[in-house]
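Written below as structure tokens is the structure these notes are about.
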Amino acid sequence: MRRVCEKIVEGILTCSGFVTSVAVLLIVVFLFAEAMGLFNKKVVEEGYVLAVNKANPVRRLSALQIKEVFDGEITNWKELGGPDVGVTVFRLEDITAYFSEEELGDEYERAPRCVSRVVAGHPGIIAFVPARFVEKDFPGRLLDDECVSFGEVFAGKEWFPTATPAPLFGFLPLVAGTLWVGFFAILFALPFGLSVAVYMSEVAGRRTRGFLKPVIELLSGIPSVVYGFFGLIVVVPLLQRVFGLPVGETGLAGSVVLAVMALPTMITVAEDAMRNCPRAMREASLALGATRWQTIYKVVIPYSVSGIASGVVLGVGRAIGETMAVLMVTGNAAVIPSTLLEPLRTIPATIAAELGEAPSGGVHYEALFLLGVVLFFITMLINLGVEYISSKTGRSK
Amino acid sequence: MDKIDAKHVNFFYGDFQALKDISMTIEEKSVVAFIGPSGCGKSTFLRLFNRMNDLIPGTRLEGEILIDGRDVYDKSVQVDELRKQVGMVFQRPNPFPKSIFENVAYGLRVNGVKDGEFIRHRVEEALKAAALWDEVKHKLKESAFALSGGQQQRLCIARAMAVSPSVLLMDEPASALDPISTAKVEELIHELKTEYTIVIVTHNMQQAARVSDKTAFFYMGSMVEYDDTKKIFTNPGKEATQNYITGRFG
Amino acid sequence: MRQDIFPLQQGGRKRRSQWLAFGVFGLMSYSIVFILFAILGFIIYKGIGVVSWEFLTTAPADGMTGGGVWPAIVGTFYLMAGSALFAFPVGVMSGIYMNEYAPKGWLVRFIRMMTNNLGGIPSVVFGLFGMALFVKYLGFGDSILSGSLTLGLLCVPLVIRTTEESLKAIPDSFREGSRALGATKLQTIWHVVLPMGMPNVITGLILALGRVSGETAPILFTCAAYFLPRLPRSVLDQCMALPYHLYVVSTSGTDMDSQLPLAYGTALVLILIVLVVNLSAHALRRYFSNKVKTN
């Protein structure tokens, strides 16, 4: 009886051993399950169609072209490979400009008829109307219904998830924003992180170290919203004044806040690596008349370089995945950044800011999950990189 | 002429007194062996000569240690200058994770020598002096870790000699080596005696008898006896020494 | 072969460069201390006037421009308790399995890799996952249950790691001693290994709790409510939470002037929780390590 109980407990322990593996697997499965619907979705909002005059030879438009047409940036069909005719944009709400309420009927019951007449009457028309308003003998031609394409998402330069009639889901500005902020955060954090790691492991006495260690731990314990709040109230106005910017919420603010947040990880891992450098190695160097500093940069740092690298890479991972602080201080403009002094938007911030408003199961919702998948794989790559680096050290020891 | 002169040395790790009132003089270009059971303080005493114990927090020294007539714990002494003068070889071979060549060149480089030709010359000299040159001359660029334990230890000796110290401290240099490598190291010590003052800590009494001119026996932090090696091993003055070298304790 | 081979004056140069390098490092280190104290000091200074008994015990009022943070405090503690209830047993058991049972080799390496991976996943991805699995697929809705499970999952890797490390620190001789007396493996773990490792495990758990208390992104879509007039009544209710409340108060709203003091107050309460958690973990660690020494 007791043996049986013991076996059961051991079974439970074994199962729980795999909980993280299962969790990772589940995360992959669920993120993909929610995200993959995106590429089966039509470009144009569900239940709506785009119609043009029968004489118009244009058969398909990309999401970007649709947006430009409806934003008035493309005004002639020539630019879209059609005849030299001006584009007339027609949305359902424009119908009252063409017809009186009597003509439309009390309940808009005659609206389909009217739509047909508008489309037939204007050679340059492009009409965005509900599919149910399209009659059987519709005089215009419906544009081909295209699915959201892979290329438009991963190479698209514009992120307009709520644009009508066709939302744009270009990931490029978000990916670029994430990497941009992350890169500069690490650039700022690196000199600090390495200095502190060296100082703590090699220079500081036991008491100084005993003081710095809890400081670093506290720094890593501060919640990211608090960093974001501090950034918003202190760092953003400060940068705005120093650089004379129209808005202080910029990539720079994000990088500065992220740098502070990435520091503890970097310091802890790098310091551990340096402390693992054997004493014999240090003593050999000192015994040859090297100063402590020479010993550090000629022996200790080369010896622990892979550990230090893991620390830096983990810091990058932390910076890239950070959500709330970045959301609060970077200004969230979805443009591909060219300087640090303009607002930008990262993947995590986009997800956090927009998921609440995206209707579950819709295109926008699925696009956000796809962003989650992208983020997941970026951090997965980073983690595997760390794993690889540290496994290499393990062997050489 | 006295190379090293220790006067009434007391040494403490925190509250623990590791060395008790030790005085001794070591002649230039001689080999002195420190023997005694583990924890008797012989290594601690050795490490005072190049101030390696400075690295351990909470230690305290009383008394004086003079090398070439100068107190090495004097405030005016720069510890890295001292260590250039007083080389050290450790118990376990501890080459750097660098090439064989760079290991030997390290001491020169950290002390500001930039002349590449001179460094090459000096590395060759040191490796020859350590009787390692013929074994490694074709693979100077390879990692020092590729060498055997005995070769690594001779590399460490070459490394210590490259900076041209006048004193060489050896902390159980052969304890991690096989008998053949040990013999080579001992042979080397014999040859180096003409140039260097050598202090060697060992727990191997035959080794002490073979290589040293004088021997000091340490016990419980005190120096029990210090005399010519021949006398210590044939006719020791103290009973404790007698007991130790005949294997009755330790 | 001995000769004077070193350039004169050289010693001074290398000591100067050491002095310079160490000076820079020291300066950098203390600037980090300065950053920490700047953040803490700023929030304490601005928030101390706001935090009062009333602030702590009343609900927000007047459209987030008045009142206190009581429901958010309660919600945060519910979430901490809920995630602890899930993460601790699972994490500790998993840590035990890793250190005591799993055959050393590729399996342990694989599990450890997965654990590290899970630990490195950004919190917002946990939020997405929690929404997909707990909120939608399992139908828990936006609730304390969903939020706790999501947060729990987030800190499982941390719990596993600390458990594993504290068990690893126990010398094998204790296990062998127990086994030699005829105890089974499980008995050994229960009576010898766990009690010895417990102090460190508990310290790790407390730190994990601290992390949970400050996380926002995972509860954005799984649990957090903008405003609730009453306290949650069951695990299937939504709740407010301090970090989310701080986010809301400081970024959205129309009357920034009257909201800002509330934001300072909320930030201070949040920081205090983190401080208390960290300090108690430290105190515990010190207490237990002293105890082991005197035994």
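Of note:
Here the chain labels run A, B and C in written order, and each chain numbers its own residues starting at 1.
Criterion: a contact is a pair of C-beta atoms (placed from the backbone, for glycine too) under 8 Å apart; a residue touches a chain by one contact, two chains touch by 3 or more.
Predicted, not measured: the structure shown is a model, and the values here were computed from it.
Between A-B and B-C, more C-beta contact pairs are found at A-B.
Taking the mean of each chain's C-alpha atoms, the chain closest to the overall C-alpha centroid is C.
A straight line joining the Cα centres of chain A and chain C is 24 Å long. A separation of 60 Å divides the Cα centre of chain A from that of chain B. We define each chain's centre as the mean of its Cα atoms; on that basis chain B and chain C are separated by 50 Å. The set of chain A residues touching two or more other chains comprises 291, 294.
In chain B, the residues that reach two or more other chains under the touch definition are 80-81, 84, 110-111, 163. Residue numbers of chain C whose C-beta contacts span two or more other chains: 14-15. Listed in rising order, the residues of chain A touching chain B in the complex are 205-206, 278, 280-291, 294, 298-299, 302-303, 396. Against chain C, the residues of chain A that register as touching in their complex are 6, 9-10, 12-14, 16-21, 23-24, 26-27, 30-31, 33-34, 191-192, 195-196, 198-200, 203-204, 211-212, 214-219, 221-230, 232-234, 260, 263, 291-294, 296-297, 314, 317, 320-324, 328, 348, 351-352, 355-356, 360, 368-369, 372, 375-376, 379-380, 382-384, 386-387. Across the complex, chain A is touched by residues 14-15, 17-18, 21-22, 24-26, 28-29, 31-33, 35-36, 39-40, 42-43, 89-90, 93-94, 96-98, 101-102, 110-111, 113-118, 120-129, 131-133, 136-137, 153, 156-157, 160, 184-186, 207, 210-211, 213-217, 220-221, 243-244, 246-247, 250-251, 260, 263, 267, 270-271, 274-275, 277-278, 282 of chain C.
Those residues of chain B whose C-beta lies close enough to touch chain C in the complex are 78, 80-81, 84, 108, 110-113, 118, 122, 125, 129, 163-164, 166, 195. Listed in rising order, the residues of chain C touching chain B in the complex are 1-3, 5-7, 10-11, 13-15.
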